[in-house]
Structures are given as C-alpha cells and as structure tokens.
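Next come two complexes, and both contain chain A; in the first it sits with chain B, in the second with chain C.
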Partner chain A sequence: FVSHNALPTYFLFASFTDCFSPSSKRQTEVRGVAKVEDYTLPAYFDRRESPLPDIKFVQQLSPDQKSLKEKEKGSWAALSKEEKIALYRISFKESFAEMDKGTGEWKSVVAGIFFFIGFTGLVVLWQRNYVYGDVPHTFDPEYKQKEVQRMLDMRINPVEGFSAKWDYENNAWKK
Partner chain B sequence: MKSTMSLVKPAMRGLLAKRLRFHLPIAFGLALVAAVAFKFTVTEPRKQAYADFYKHYDSMKEFSAMREAGVFESVRPTGK
Partner chain C sequence: MFSHVLLKVSSDRLWSFSSTASVAARSYSHGKQETDEEFDARWVTYFNKPDIDAWELRKGMNTLIGYDLVPEPKILEAALRACRRLNDLASAIRILEAVKDKSGPHKEIYPYVLQELRPTLSELGIPTPEELGIDKA
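Showing the complex of A and B:
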C-alpha cells in the first residue's frame, strides 16, 4: 500500500503491481509526515536579552501591510512616521519600554499579604479564647506585686536598672 | 548617526578598585564614628553612674535592710 503524501514524481507508475518491483528507490518511499506541533516551530518572544526574535510578530500580513512591505523596499526616507511605526509593529509586539514596564502585581501581592496576616490574627484571637486554658496563678496582680517587692528587697540592678528607679527613703518610684 | 565620531571606550578595568577607593574610607569613617558615639553615649555615662553609686555606698546598711526584708537564707531578720 503506497501512501499519496509527497510522492516523488518518478514514482508515478501506471499500474498497481509496478509498485512492487524490486527497486532500491522503494526504500526512500514516504510513509507519512508527522503532524508539526506548534511548540516545535520558532516562536516569538519579547525579551530584553534576545532583542531580535526568531520570527516576526505578524505572520499573516493584511493587504495594507503587504503594500507597506513593498514600499519598505524603496527609500526609507519616503516613509512617514506612522508607516515606520506600523513596520515596527509588524516585526515586534512590544517595544523595550513596554516590555520592561512593571505590571503592578506587587500591589496585589502586598494586599494579599496584609489580608492573610489579618486573617491569621483572627485565628490567633479565637485560639486564645477557645483553645488555651487559664494562665498560671503567678500572673495574678497580687502575686506580681509580691514579685516586684521581692525584687526591690533583693536590690536587683541597683546602679542603672530596676532598683535604681525606686526611692527607698520614700517607698515610691523615683519621679 | 555616530558614523563620523566613535563612542568613548567604557572603563574595562579597575572597576572594583575604583569602587573600593570611594567606599572604603566612608565605611571606615562610619565605623569609627559609630564606635566613638557608643563610647561617649553609653560607656562613659555607665562608668560615671557606677562611680557615683559606689562613692557613698554603705554596704552594711544595705545588708541590714535586705536582711530585714527577709531575702536571705543564711541570716534571718532580727526578729523575735
């Protein structure tokens, strides 16, 4: 069975049985052509580091663009400013300024960060109220007062720190 | 556009040396300033504070006060 895709011209025999004649040309017979995937073809990229992409941006030219390309073959001084820009846009999608422009995505990112930090705060608040038990008795105000008194009695940091701020004569914090 | 005159050749060598010549004196200067500032805002006042504290420090009086407050385990307050 001979496929009909891209047959060499010398292979057009008159009868079917001629295809089975022992000829070395049969080894070059084409069985079929694989489908060409898009990603295997040269692609267009807007990249600062490779300024001239493999293909032009616009592949199918409109009639206006075709006539403009013909005009481009002449003197470039005859081209108007709009025509030059149109030729640029045929070859390239974005200018360097356009491709380098920031997207403003950082604002969404920062907004998301703040939002989830806030949500985490709510989760932590719920956790404090519904998961954790009471704090130890050592946090009671009376207990804390006794702790402070004991620290003052022991003269903790009397030169520059804790007890230095207490007035022992008048039994009060120094003003 | 630039066919009649050529562009200035950019600096190809000594880039790090040039940067260091500029930044190292600044770095050393700032470090020195930081050290001097710390000395005169922190260490000297602290030394003075300790000197003032111990100039009129009566250790026996302080000891008696602490003893009466009951913070020691080796001596109890002079109570009944």
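Showing the complex of A and C:
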C-alpha cells in the first residue's frame, strides 16, 4: 500500500475506522418508506415477443384456483381439459390467437372517411347556393352560342381540333 | 425476390434455405463465431439446470424468442421439462404457442416441432394449444 499524499499511514487508518466504527445510531436514518406506486411494480403484458410476462394474470386466487394449483404439482395427465384451460387462464389473459386478432377498427375508419366526405359534399352544395352569387352573363346559353360561332369563324384548330369537326358546307357538326 | 430477402434475414438458424455455408451467419468483425451446435447446447444446458427458478425460465424463454430463429426441439424439450420442475403447465402451453407464432409464414415448422416433441408432450401430459382450443380467437 502506497500513500500517495505523503501522510503518515496511521493518520489514514484513523480516518478509515471512523467510517466503519459501530454506533448505536445508523449512519443514515430511516425516515419512512415511500408508498409503492402501481406503475413501479411488474406489470402484465400480452406480447408476441415476450411470451412469459413478469407476473401471472390472476394475482388473487379463489379457493378453487388454489386447489387447482395444488393439483398442478402432480401429474399433468391427470388434469382434465377444462382444468388445463383454467390453469392457462390463471397465468395468462389472452392466448396468442386472441392477442393477435384484428380489431376491425378499419371498418370504423373507412365509415368515418365516407361520412365526412359526404358531409363535405353537403357543405359545398350549401356554399354554392348561399355563398356564391350568380355566374357572369358570359355563361348564358345565347352568349355561349355566339362564342362558338366566333370560334368557328376564326377557324380555331381547323386541322384536327375544334373547327375540323364542323361541316362548313352543311352548317352542322360533322357526324 | 421478396422471399429471397426474407429467407436471407433468417439465414441465421435451423431453417437456413440460403445456399451459403451452414455456419451461423453472424457478422462479427473478429472473434470466434459460435456454431449452431454450440448455441443449441448452451441453451439446453441453461434450461436443464435442475434448480432453475421461475424468473430464469421466463428470462430464458423471452430472450430465446427475441432471437431471429425458431428454437430447436431439443431446446424446447429442456424448457418444457423446466416447466414441469416448476409445476407450471400454463407456461409450457405458452411456449408451444410462441413457437408457432415465431415460425411466421413457414407453416411447416410448427407441425415438425410438435412431431419431434410428441414423446415429451405425452410423457409430461402437456396439451397442445390446438387440443385445448385456444388456438382460435
């Protein structure tokens, strides 16, 4: 043992024994025990990746269950099918099949989607009636007719498009 | 192509359908790689401990299920016998359920494992989840 701080060894020993000398009072008093919160205790989880949870599902056993647990200490072949299922249900809440099955929540989601799309449609209809004013006069059928005539007179897209479909000889759309 | 990727991920273990060597495909940069047999032997020894306690059984099982593999029947047999020593039938059934769940899409694994474990299941009186009807939700 080498004393690095050049104190004589007996001084170091004196401080050591002070720490470990027996005394009538504990070095650290016990002032009280904190209340144990539920979330600090091991919890039960049904998980595929952790098949054996920290605790059994049923913590308080009824007298029937207690006697079944005693019977479990003997030969398992002597247990009936119902007793085996009962033992399983004491330890576990849901079987793998039960924990893995779907919830059908998607049906609610799709129903909600359709509902809100429909509701939005109603809102849009109301808006068209009560919020927006009339369309401009340029939408009137007579005005539109004059527009089409003007476009034909100008020979708009005469090769493959608009005017190409108009029969100028017979003054009608091509059949 | 997707199935090739899937099998490559699980090439580590018993069901290695990849055409590469049969040694465990862990990518260590140094150190000796544990062979499949050593892995199996280690786990069988773990569960064969005569005075195994409930925590060790749970810890062992949860760890084993965490690996990217389906345990060999001999490991599972040791685990089932550990359940017997601990008088825990429920955990034995749960282990069988976990094996079936672990096989995923490879539906041929679970019947094979049951076939290999049949003598042990009969000897200890452990029912399969199917026999109890808890394999259906």
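What we mean here is this: the second predicted complex is superposed on the first by the 136 of 175 C-alpha atoms of A that agree within 3 Å, B and C clash if a C-alpha of one lies under 4 Å from a C-alpha of the other, contacts with A are read in each partner's own complex, and residues count from 1 in each chain.
Going forward, a residue touches a chain if its C-beta (ideal position, glycine included) is under 8 Å from a C-beta of that chain, and two chains touch if they have at least 3 such contacts.
Predicted model, so just to flag it, every value in this text is computed and none were measured.
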Check whether A:143 is in contact with chain B, with chain C, with both or with neither, and answer first, second, both or neither.
neither
Quick one: is A:154 in contact with chain B, with chain C, with both, or with neither? Answer first, second, both or neither.
first
Touching partner for A:126 - first (chain B), second (chain C), both, neither:
neither
I'd like to know which partner A:115 touches here: chain B for first, chain C for second, both or neither.
neither
So in the complex, the part of chain A that touches chain B is made up of which residues?
150, 153-155, 158-160, 164, 168
Touch list for chain C against partner chain A, complex:
57-58, 61-62, 65-66, 84, 87-91, 93-95, 97-98, 100-101, 124-127, 129, 131-137
Within the complex, chain C is touched by chain A residues 48-54, 72-73, 75-79, 81, 84-85, 87-88, 90-92, 95-98, 100-101
Under the touch definition given earlier, write down the residues of chain B that touch chain A in their complex.
46, 49-50, 53, 62, 65-66, 69-71
